[in-house]
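After this come two complexes, each holding subunit A, first together with subunit B and then together with subunit C.
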Partner chain A sequence: MRHLFATLFALTSAAGPVAADLDRVVDAHILPGYAAFADTTATLARAAADGCDPDPLRAEWNAAFDAWMAVSHLRFGPVEEQGRSVIIAFWPDDKGMTPRSLARLVADRDPVVGDPEEFKEVSVAARGLFALEFLLYDPQFQPQDPYTCDLIRMATRDLAEIAAVVSEDWHGGFADTLRGAGAPGNAVYLSENEGLQVLFTNLVAGLEFTANERLGRPLGSFDRPRPNRAEARRSARSLRNVTLSVQALQQLVDTLVDVPLPETDAAFDGAAWAAAALDDPSFAGVSDPGDRLKVEILQQSIKAIEVAVLAEVGPALGVSKGFNAGDGD
Partner chain B sequence: MTRILLAGLATTVLTAAPVMAVETSEVLATYADIAEAKYSDSLTTAQVLKNAISALITAPSEQTLAEARAAWIAARVPYMQTEVYRFGNAIVDDWEGRVNAWPLDEGLIDYVDASYGGATDENAIAALNVIANPSFVLSGQTVDAAEITPALLEETLQEADAVEANVATGYHAIEFLLWGQDLNGTGAGAGARPWTDYAAGADCTNGNCDRRADYLRAASDLLLSDLEWMVAQWAPDGAARTTLTGDEAAGLQAILTGMGSLSYGELAGQRMKLGVLLNDPEEEHDCFSDTTQWSHYYDALGIRQAYLGQYTRSDGTQISGASLADLVAEVNAPADAQLRTDLDATMVEMTEIVDATRNGMAYDMMLARGNDAGEELVMSAVAALVAQTRSIERVVTALDLGGITLEGSDSLDDVNAVFQ
Partner chain C sequence: MGSRRQFIASLLAASALPTLSWADAGNPRYLAAAREPGGGYALFGLSVAGRDTFRVPLPARGHAAAGHPHQPLAVAFARRPGTYALVIDCADGRVLHQLDLPEGRRFNGHGAFSAAGDVLYTSEIVAGSGRGLIGQWDTTRGFRRIGEFASHGIGPHEIARLPGSEDLVVANGGIHTALNDERSKLNLDTMQPNLSYVSAGGRLLEQVTLAADLHRNSIRHLALRADGLVAFAMQSEDPAALAPPLLGLHRRGAPPVLATAPEAQQTRMKGYAGSIAFSGDGAHIALTSPHGSVVCVFEAAGQFVGMLNRADVSGVGPATGGFLTTDGLGGLCRIKGGALSPLVAAPRAWDNHLVTLPT
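And now, the complex of A and B:
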């Protein structure tokens, strides 16, 4: 798709203002991504309302998580209001807050699970996709236990509500805010450049998060690998999340940029190849020197995308990286 | 007529003179001078803390403990104003974990309440209790801890087993030894360690008072030597200063990177928003002493000072000089005005938090589930920090610093090595 536009661009404008298209990112990447997340979480909530047999719930939960991976790198706009992105995906969890918070609710039979408004006050560690992963996969919880089932129902309903609000807020306003970056009266993005910059910042931050957290945390050091720190290892989604995040970031680039990006394309292909070569869904192999190397190669291949993107995409858009949530410790 | 002529002349002069009234080198010099002053003040106040700790150890009493706590609180004031130097200056960032690492699994150091639990998935020695154990096994090796020395803390215990929560040194380790755990949850009150935890003989509570005193002494000695080292880095020939001034564009970027990273990812995100979202009183930066409001306040003040080129020293002396604000005002006056407004707005929000704690709502109470007023206080400050981050980004754009950080260059080399 991009290459068609790239050719057109080359024919029509040798030195156009900006080699990018905010409308296309919004219409082909952001809006359908959030709509799918809203749909899949609604389906999950309906399934939970019907019953807490873990097998069908796990399938719907996985579909919702897949949909989240298509947009998880977008850390601006409606998803950043009221802590929504943190509620949806509270990870990493250094202090084991998720199992502790859930265990406390279950032990206390906390009536908060009966009231959707009250549930919004509960710690984020006990809400969202990762809380549901514990409830559906960790042996310490029994989904069919009546209280636990109520908790699952409330958590899925809460998640679906948040996903719906994010999707609606994008459709109902923020899409135009981003599309109209630099238009008179746009108080969020004072120039088109600022609209492009926020996407570029999120692209780079998304690559860094996948390389440093999704892969870096389980890798630990050679002497001290940390397989228990892999993201979503209980559901064996760790590798899948890496693969899907890279695909989502590639789609962001494809829908955003109008000029040829040979290094970037090659780097994305390299990462896809490295991910496909790995048969280790939860990164348990980081403790084995041979298997570990493949995970390290995957991590390096994602760092290579970042290098390519900084060299090609930033200049193509005429922007530099802004600040992101990962800038702290 | 005269006025028009003058205006015309002024325009000509402005356009014909690209040399700015504010020199970047002077802006960087002010920034480095203020760093030196802030770390010197941190050192001076840490020396007072060290003396108060010596008095506590020599003559433990309610009063000497209270004086040591007061000295700790005073020592934090200049230090927190230095945090804006962290993310932009690698020398500071590589070092700061020794003095200000947080959060910590305090059970590594001393006794804890039963509710603390024991070892966790993340940390096998979360409840090691070095003070009670003169010998223990760490990563398969037996460690002789019969003597508690700065070297033991620094070389063996700090980040032991490659776990960041194993914090054995710095302000927060000392804070824990002076206050103890805050067991009030999201209720009022700080840690309530009794002075008798340092008492001699039969008066000693919770055991091993002599080893606890040894630990406290070693940690305060280390804090002093670490701060001395950092003061030297900002001296005229110090490495932090020469690195900063060696490349003017990179130097300006270092200032802005520090301001933006502390505003957004670290303070607004990690330290403030997450605590509210988790309803967790342990997500409090200074949780033992219950002084988190000051920690946030002085962080924000430090960000403002880095931009305005101003600092009030611990002895009241004012330092000011050519500033980043002056530079930005020449290039893009609206961007400068907006950032100044935003920095002021953040200080108003931080002051409201401090005032609320004075009126009885401790910072950890603000994090409690269902405390809407507390949540509003914290989240308003978060919103102000987010707004000022946007303005910092606009200043980066206005100065046209080229953007791409130098961080990527190492991984570039690594990546090529892997794929060759």
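And now, the complex of A and C:
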């Protein structure tokens, strides 16, 4: 789709105006993404309300997680208010806070699961998608145990509420804020460039998170691979999350940029091939030298996307990485 | 032809004579360094309303500056570990002096003047060990180095003079940073930051350390209230810490008080506070996190008030009824009445700090 417009825009954008479309990224990428996340989490909460048989719940939980992966790179606006993104997806968890917090709730039969308002005071580690993964997949927990079932119900309801608020806040106002970047009276984005900047920053950060965390954590070092650090390994979603995150970032680029991006397109294709070539859903193979190589190749292919994006997308949008944001002093 | 004694007397008179004031530099309220669109760097004076009052080019990326209490002089510090500090006449933009460090010393980004402005103190490290020093410079004699004393910690960062006193408070960040381009941190497992109060002569008056489980919370930046309340901002070097406290409050002789936002919101700071300031009326404290693109506001006693969004926000200083912030997108924003609103969008990327000048 982008390339149909590309030549047209190449003609008009040569003089400098930005070759990007904030309306399209809002309408085709952000709003439908959050709507789907709200829908799937609502479905999950309804399923949990009906019962805690793990099989149907796992299916709905996976659908919700898939929907989250389509927007997980968007770390600005309503999803950041109140720290919502961390509640939705609390990972990485180096200190094992999620299983510890959940085990404590279960051991204490903490009545917090009976009150939606009180549940909001529970640690972020015991809420959201990763807490539910533990409850639905880890043998430490029995979903059909009455208390655990109550906990699952409250956690799914809490998640669905957060997803609904984020979607409503985007549809009800923040979408216009981003579309209207640079318009008079826009106190969030003082120029169109600032709207593009936040998307570009999220694009680059999303690529880095997938390369360095989703892949870098289980890879560890050659001498010390860390398969137990793979994201969502209990549900064997680790590779799937990488694939879906790269697809989501590609969709962000496709909906945002109006000029040809041959290097970026090739790099995204390369990563898709590398992911498809990998038959290791939870990256358990990082400890095996041969299988490990394929995970490393996937990681390199995602780093190559970042290189292409910095070279092509940044200049096309007239933006670069943040000045202070990646810095420390 | 006069005697040598007369000659010296006339020299001193000459250096005391040009009693220019900050009015001659356009009455800036703030100083801030920035990267300009062409890729160069400059130091700016800013009015109460956030308008430029002067611009002086810098040779490399700046970090912070210190304003002389009376004369329109600013000392601009390089990003740490830095080799330059420039004394700039803000009235005409001339570089009056370059501070020359002794062999094996590096500037660490910040400095402070004595009450009368006759001595400049600079935070420094000993190259190789990271041991902290405070350098002393005589501002009445061409900013000549007149001494140094221990900062009583590793990697001192911001230093400030206590109001109504010649004593200094030093944020010893605790990090031993390699003097390479990556600024590698060499002692994260053993780092032990502290807040040290030292006399103008270098005597340690009081030292504050945090609980052992917070030894990776680097104490880096300071804000002082007229009554002596010290607010310090921290940066966590513990990647596994979920929501480490980043604000500390301290009064001489009392234990420190740490403050955080509720857990989920505190995570938005990404374990990193870039700058800290009291509000104009001293009732609130703001911490910026450029990594999280948020400003976190507390009451001066430590109660969390709220969070405000601004991309790449880092500099913050007091303003009437609230705060002024600067950010990497060139924005100057006002925080007032619990809301953040833009004042000016400048074509430059503001660097880490917004320095408030004496009034």
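By definition in this document, the second predicted complex is superposed on the first by the 317 of 329 C-alpha atoms of A that agree within 3 Å, B and C clash if a C-alpha of one lies under 4 Å from a C-alpha of the other, contacts with A are read in each partner's own complex, and residues count from 1 in each chain.
As a convention for this text, contacts are C-beta pairs under 8 Å (C-beta built on N, C-alpha and C of every residue); 3 or more make two chains touch, one makes a residue touch a chain.
The structure displayed is predicted, hence computed values, not measured ones.
Q: Between subunit B (first) and subunit C (second), which does A:R292 come into contact with in this model arrangement: first, second, both, or neither?
A: Touch partners of A:R292: none, neither subunit B nor subunit C.
Q: Kindly classify A:A187 by the partners it touches after superposition: subunit B alone (first), subunit C alone (second), both, or neither?
A: second
Q: Examine A:E306 and indicate which partner it touches, taking first as subunit B and second as subunit C; both and neither are also allowed.
A: first
Q: In the three-chain superposition, say which chain, subunit B or subunit C, touches more residues of subunit A.
A: B
Q: Looking at A:N228 after the superposition, I want to know if it touches subunit B, subunit C, both of them or none. Which is it: first, second, both, neither?
A: first
Q: Based on the superposed arrangement, let me know which partner A:F76 touches: subunit B (first), subunit C (second), both, or neither?
A: The answer is second: A:F76 touches subunit C but not subunit B.
Q: Of the partners subunit B and subunit C, which touch A:R217 in the superposed model: first, second, both, neither?
A: The answer is neither, since A:R217 touches no partner chain.
Q: So in the superposed three-chain picture, is A:A125 touching just subunit B, just subunit C, both, or none of them (first/second/both/neither)?
A: A:A125: touches subunit B and subunit C.
Q: Now for A:R240: first (subunit B), second (subunit C), both, or neither, which partner does it touch?
A: Neither: A:R240 stays clear of subunit B and subunit C.
Q: Identify the residues of subunit A that lie in both the subunit B contact region and the subunit C contact region.
A: Correct list for subunit A: 83, 86-87, 94-95, 97, 123-125, 190, 193-194, 197, 322-329.
Q: Write out the stretch or stretches of subunit A touching subunit B in their complex.
A: Listed in rising order, the residues of subunit A that touch subunit B are 83, 86-87, 94-97, 121-125, 190, 193-194, 197, 220-221, 223-224, 228-229, 270, 297, 300, 303-304, 306-307, 310, 314, 319-329.
Q: Okay, in this complex, where on subunit B does subunit A touch?
A: 87, 103, 120-122, 161-162, 165, 260-267, 269-270, 273-274, 276-280, 282, 369-370, 389, 392-394, 396-397, 401-405, 408, 411-412, 414-415, 418-419
Q: Touching subunit A in the complex: which residues of subunit C?
A: 35, 63, 79-80, 109, 235, 239-240, 242, 262-268, 272, 274, 290-291, 293-294, 309, 311-312, 314, 327-329, 331, 340-342, 345, 349-352
Q: Which residues of subunit A touch subunit C once you look at their complex with the stated criterion?
A: Where subunit A meets subunit C, its residues are 76, 80, 82-84, 86-87, 94-95, 97, 123-125, 187-188, 190-191, 193-194, 197-198, 201, 322-329.
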